[in-house]
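Per-chain residue numbering starts at 1, and chain names A, B, C and D are given in the order in which the chains are listed.
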């Protein structure tokens, strides 16, 4: 049921072709933003075109041409790829809308470069989502690292420089040091066949000791997933403007990392082969360790964006944890969590950006009682954090529930307890922010009027954050699509 | 002298003394090239080094009874037929069979003509370069040149 | 540095000598090199194939003519290399200011040189021409011819020698020499044979294919002589005056 | 006429050099045109040679000089050229780089070599003749003569630079002569034992009389290797390279850096594969295979670290060349065909990379006037086109996918894994990381400009036009070669599969 189709190529090309157009219209910002929106909508449209085919279980396949003996550059769209592409392209539209408001609000410089790099990184994300083999995945992974570098170092000041340096040294360093040799090892061991077929090419061709080393190399190599030893690039990348942080933490970069780890588990090794090798437990412990430690650090962070960064590290570790259970529920839970966390976390970042645009406040301690001036933002923040914590009325509940089931299936009771504790920690570091803002009155210190003048962020920032907040709610009511796509992978 | 050493010398060194000579000559040249401080002495070492190799090649082509590799069979023997047994020599030539052992091996001589030319060219070019160095540094002693360069840093 | 030099030299020496144990003894006619197919072919067949009794010249100019072509190019490179390195045409001392009092090495030397110079040059040309029959050839003759010009420069002063053999003319001489050599090879190419395959020239040269080879060798030797003479003299004039061509030694 | 192509590739630049010398000093313009035309024709002919060698599966063209057919028992008497796909590719690389470099040296020759332009072009063309000869000849002694031609021309070309170039050229003379003489010695030892000079015949005689175990053959192999390693600046013997290429005139450096060491690596591979054969070189009782791989690992690590320590741009690039030589030697000695083919492919890709980086570096050093790394401050704004070229070369040096550097690392690493040489694989990874640090340090400077303390006031205006700070782009005649070079880096990357398969089949044929 592998079907040849040209659509994946067009979806990838759309945002790439937007780049020259953006550079062309750099003198006229409105036209330039229009092109970005057009590209975003076209991309989403094409993905929706592919959706029915995927739901029937078909796998769309497009091959460029052999770039290495035996390995072509090829796109292969399956359930996992489709889910991630859906999340990425839909959020791209909202992030663009938000970015236009944010950039215009703060009159940022070099906006053309910003939007051009934005478009390139999105096309790279789609490239990773649709990658048909390890090499294509690696190529787009590297292009993504390079194209997001100008975004992270947008302000061009000292802090941006150091942030950019850690960003690149971590992402590029780990990918060249771990992923490249591991990939070549697979290329050699599997006899020049590293395509993500259903049967997972390394099945039975590798011993358990080599298997563990290769699995560790891949999991730690894809440092974008923010697992503990190589996570420090994430908080340091907070120097970037907020739409970029939103892009980094919800839509593109971190999700690509976790997506690659999922691909490695399902496409390279195959969950049942890993059970035979029982090497999954090492990854489980790393993920659990990351969850607990990052949540604790998040508690101590006063800067809102850094706290959200550490919370992202924790949430991503959930997804890796889910996969490492090697049970179908676990995999479903992690795939659902990709979507849920994307929408929840992007809401929080939009709120953080809106607060910064409207009031210039960055630190949580300053935000007590801000809800009076910015009620909508704070409510959205509340909804977003509830969804991430995983309380029922919001989408996050489903994914946490399936993760919990996955833990029990793999009779990892210790991990189930870790899930519970970490959810409590989530509540501890997320809920106080909206609660203080909405229900406590601002401190009565002398400068009475300091908060009074603040109004809501410009409309262009508010609309996207409301939509994403509501999306959390809708997903809770209609999770069917997510489960279907997950179903395709785990059967 | 101890019979073993005598035997070794008798058996190994005496019949192959040409190889020993060229190696010793070559090592002198190599030593001079590596350790001498003055640039011109290095070049002298280089010349010795190359000459030793030329000696080695030419010594390959030697044959005990072999004369110069020019076939001389014109009637008027204006130079003495190589070897005393001229009768056998001229008899051979009548029906044009050339006795291989009477002529030295020409190939090494050809190769060494080239090696000599290469040696001359390298030496000429190296002398020109050393004159250039002398013109700009004022000295040909390597340590003085390096001192002149070091404080100057990157000139 | 000295110690390092000694150790390196010692190691290389021992390594070289270690190989001599399975070398043929000196002068042994049955050694692989002397008794080998290739050299015995040269000895037995050159007279028959190329009508050139001097095997060395035959191998030099015909069998391994390609080697000798590059050998001439090496000499040519040395010549222009020295000029390229030493001479600076832009700098202050670029104009060739001949010292006018450079009248060479005094009357007696000039007189004797004027007597013996012609004989040197004739003998040099003889050596070039008779490279086939007696030891000699392009290189040896060329060097002698070059030496005669150096003698001229020593005796009569570089300025006079430079007037006869100016720098421009040396370059033309050197280039023409290689032109002759390579041009002759290309001529064979044009007539259908491989590069430097003289036997193809029998259509335009008197006599059969073998004689064509013999004549071609002579032409090639002349080309070599041209280049070697010019470069020898140019080397001398540049090196002795450190590139200023002002005053001979 | 097509069967004469191998020799025509050589003759055209040879005639070009002679014409240039005859044109003389007064007409530098015609000299440039002559050398451009001659190198252009030569690269076109070499392109056709590739097509011929590939097309009718003729595999190798054997061209006997002087028409001397081997007599009855098959011994070559004259000298022959042997051009197979490997030789054809390298010859095309040599002539093409020469051609593009001549375009580059149009403006620079007059300024840097005052008045000796004709000699410069003559020497460059003769250097190309030497390199093409080395690649195609099948005669051991002829190879020595051609090595000497390339060495002599490069001594002279380097010595035309400033006074430091003269000193480094002198060191190069000494080291080069030792190397060439060791090679000659090795050939002499082989000649004594086999009596012939043709590479195939030597192999045949060594095989027939089973001379492999003789001490003299082992010593001959060691000395040929020592000689070739000195000429290619393999790590312990690399002393001459950094100063020679850094201080030579800019257009000499851009020509010699990509080619000299690579052609010598080609010679090493040919000697190992053709002359001595697989079972002699990689046999287990010789300990040298492990030793050489460890030397290659040291070369890679030392080359990368020394490059990291350098502040002078060109010096840094020369140390990277030394590290790349370590890649190729290690790859060739791994003991499997993938390693050899990877090393060979790296010859082509490294030539393209180094050529691109050296042109960009000399343009920047020329325009900014300061050869230290600080010259890169804010260059992305001031000289965007040059920086794009530099970035392509740098990404390829780091080994990122679309460029050829990635694919050559891919083949070398997979070869290393097959041979079980994990230290070689780690050295390659380590060197990629160090390259990443080196080049991203430069990108950071170029991207941020003068950040130390003073925040560069990026114009708030939306456009990112570069503020006019007196540094403008170089004339087109220097940018075109840079783009051709960076284009070839990308092209080699995309075409690597076909290239690799050609090389692999050719090597398999040769190794049997």
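In the analysis below, a residue touches a chain if its C-beta (ideal position, glycine included) is under 8 Å from a C-beta of that chain, and two chains touch if they have at least 3 such contacts.
Source: prediction; values computed, not measured.
Across the two candidate interfaces, C-D and A-D, the one carrying more C-beta contacts is C-D.
With centres taken as mean C-alpha coordinates, the chain found closest to the middle of all protein C-alpha atoms is D. Centre-to-centre, using mean CA coordinates, subunit C is 31 Å away from subunit D. Here the spacing of subunit A and subunit D, counted between their Cα centres, is 44 Å.
As a whole-number value, the distance joining the C-alpha centres of subunit A and subunit C reads 75 Å. Remark: subunit B and subunit C have CA centroids separated by 17 Å (rounded to whole angstrom). Contacts with at least two other chains are made by no residue of subunit A. Residues of subunit C found to touch two or more other chains are 16, 20-21, 23, 31, 33-35, 38-39, 42, 64, 67, 71, 74, 77-78, 81-82, 85. Chain contacts: subunit B has residues 30, 60, 107-108, 114, 118, 121-122, 125, 128-129, 132 touching two or more partner chains. Contacts between chains form some other arrangement here, matching none of path, ring, star or all-to-all.
Across the interface of their complex, subunit D is touched by residues 26-27, 29, 66-69, 107, 109-113, 135, 138-139, 142-143, 146, 150, 153, 156-158, 161, 164-165, 168-169, 172-173, 176-177, 180-181, 184-185, 187-188 of subunit A.
Subunit B meets subunit D in the complex at residues 30, 33, 39, 42, 46, 49-50, 53, 56-57, 60, 107-108, 111, 114-115, 118, 121-122, 125-126, 128-130, 132-133, 136-137, 145, 149, 154-155. Within the complex, the subunit D residues that touch subunit B are 141, 145, 148, 151-152, 155-156, 159, 162-164, 166-167, 169-170, 173-174, 177-178, 181, 184-185, 188, 191-192, 197, 312, 371-372. In the complex of the two chains, the subunit D residues touching subunit A come out as 398-402, 407, 409-410, 413-414, 417-418, 425, 429, 432-433, 436-437, 440, 444, 447-448, 451, 455-456, 458-464, 494, 496-497, 500-501.
Those residues of subunit D that touch subunit C in the complex are listed here as 4, 7, 11, 14-15, 18, 21-22, 24-25, 63-68, 71, 73, 75-79, 113-116, 119-120, 122-123, 126, 129, 133, 139, 141-142, 145-146, 148-149, 152-153, 155-157, 159-160, 166, 185, 189, 191-197, 201, 205, 214-216, 218-220, 222-223.
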